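The structure's right below; bear with me while I get my questions together.
Going by the order they are written in, the chains are A, B, C and D; count residues from 1 in each one.
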């Protein structure tokens, strides 16, 4: 008889917890116009996740904790096109000045916040994000954004591989379809990251007093 | 009404093809004893995928095409333990001489084949694999191994991010549970890699004549 | 008696040759206004190296071979400041729109050429340059730019580490001072890269006929 | 009239200081038998630097601060040979069990210390060293080893690029020839790292009391 995935993973010792370290950064993955619109590359649930993120971003800004945003940006004339654009040509529309590639108004970066322009799935891949986190003495990342099964998943795996204690904020990530969202939340929680709600994270950070944040 | 994931992905332009380039490498991810045993970290379907891989490995060896194997190897005394072992302590058993961390006998590496010892999910992460592929003029990777939702997925994403045309060999990858296997095959095929059977790959390589391989 | 460096390096087997592979890219490191001006961060010899590079760039453009330029670009409000700016605060002036950080007019990139914005010494460090070279099937890099002892040296070391056959174009690199230039040319030639004049490179590429380039 | 390098670098704002952060790691680069022997790839001054390092290593061990060693190790049958071995064939002798590639007896790693096997110049390149430093909450690296103009320089540049405050221990680094040693000490101090004597570092760490180390 086939065993349920939960039973198998539990038996083999997955699903552990990495917890919080000493200092958190908030990483907002690809909350851009093109990904909150179901008619482009997004969905309504992504738009909701963006709305949910406003409170968390404000929380981080008030405490002057490190915040990084990512956007997908490709050259108009294709100089940095790659295997990703070969497979998903729709990505080519995300050029520097295109409406689709601008970060949504409600999460607009401050001039003091890092904005990473990437051409891959992971926020960490060839972007220097991990080195920026080193400079800011961060050991814990909170990851929000879209899509759960795409750039969020890729960023979460890399965040753990770079040895950051990694937390996926469950109500601030979303996908263009429900099934991949659910499947990837399972994978991430079993292997790579803690999964916590926005509320429980803020309570936890409050309870840590001045230290974290 | 909620739309089916296939409908949404097709409408938004996912599911493209990257195809073959000029020169392939075969990358065998974590086919070690510990991952083919359901009582340890594996499953029967992973054992079957390993058996299926024998023919493909022979095909590559006969043509003297580049072959790389990966193993997960941690230090006995913990010097290279990391967030991954913090979350999945069972990985600590995979030490240099442990039975669990040896590559399965039927796929035993030749002394001329690259064997990568890794401490993360991706075969590419901090291992120099992409640089080795550069040295061997490879532009196309065939990925086999386990688990589909773990190290295979992470390796496939990185392979594409490094701009290799990436092909997941459908009958030579497997997982410890069926549902994550299926979900990750969908994600990879939609976004990161072509999915082909072993047979269709070998036929394709034959048909390309002397060139590839 | 102290031995001469040339004697020691020769005896120990340094100074080998890596030669040309099948396909070259031209990488122009930091030929920006701020580095050709002795009153800013540059020197006259850097201005001369930039002039010498015009012919080589034209040669590459005529053959439609891959060309990449780098600029150092820091955020106006400091979001991506790092240990480099901590040590060399003058670098902070190199912002997106500053005159100092624009590529010199005579080497102005075409819209089809890759322009990398970096915050470190190496053109490869966290920039995705190696992945772009993979996409363009490059196995050989020609490196020009400034400064020899700074970003050129760092880029050359990384180019070799990524397994590109690396060639420093001797008349198209320069430094703000002669002594570091000479010392670094010695180091690079002994360990990391072939050193060739522009003329000998172009003759070599001609003689290879249609293949390279 | 040509200006002296010191004058030029000072005028243009180089030679700054990055100092100490909160937590140091000691990184011993390539102190292996083959590099302390003038008849192989080394010199007497490298043997002296190794002797000088014993006290510093003891200091770090007593305080249980992170220590990492590197060795160059190539496969006997050449599976991981690369452009470096193409240029410097003598490196191929440095195999896993070769006397030349063993760390010198007086600095023999403890089983709890990280030992990195590398095939490139930089201790950081494709080795996961930066991720290990992240796991151990390190923000400051002390670099010792050999050779100054080779693997030390490459490691120091990468250490700074990864945003570690980097300190070269002046009496614990050496080269196979004096001139490249001196030239690279200048370059590193001007651009990438603080240069301090072993004694001044230990005094500084003492004065910081319990905090650092």
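In this section, a contact is a pair of C-beta atoms (placed from the backbone, for glycine too) under 8 Å apart; a residue touches a chain by one contact, two chains touch by 3 or more.
Since we're looking at a predicted model, the values are computed, not measured.
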item	value
A-B against B-D, pair bridged by the larger set of C-beta contacts	A-B
Geometric centre distance via CA averages, chain B-chain A, whole Å	25
Cα-centroid distance, chain B relative to chain D, in whole angstrom	34
Where chain A touches two or more other chains at once, by residue number	82-83, 120, 125-126, 131-132, 135, 161, 163-164
Pairwise touch network: line, ring, star, complete, or other	complete
Residue ranges of chain D in contact with chain A within the complex	21-22, 130-135, 137, 139, 161-164
Contact footprint of chain D on chain B as seen in their complex	75-83, 111-115, 119-120, 125-128, 131-132, 135
Contacting residues of chain D [partner chain C, same complex]	2-5, 8-9, 12-14, 16-18, 40-41, 43, 82-84, 86-90, 120-122, 125-126, 149-150, 153-154, 157-158, 160-161, 163-166, 176-180, 183-184, 186-187, 191-192
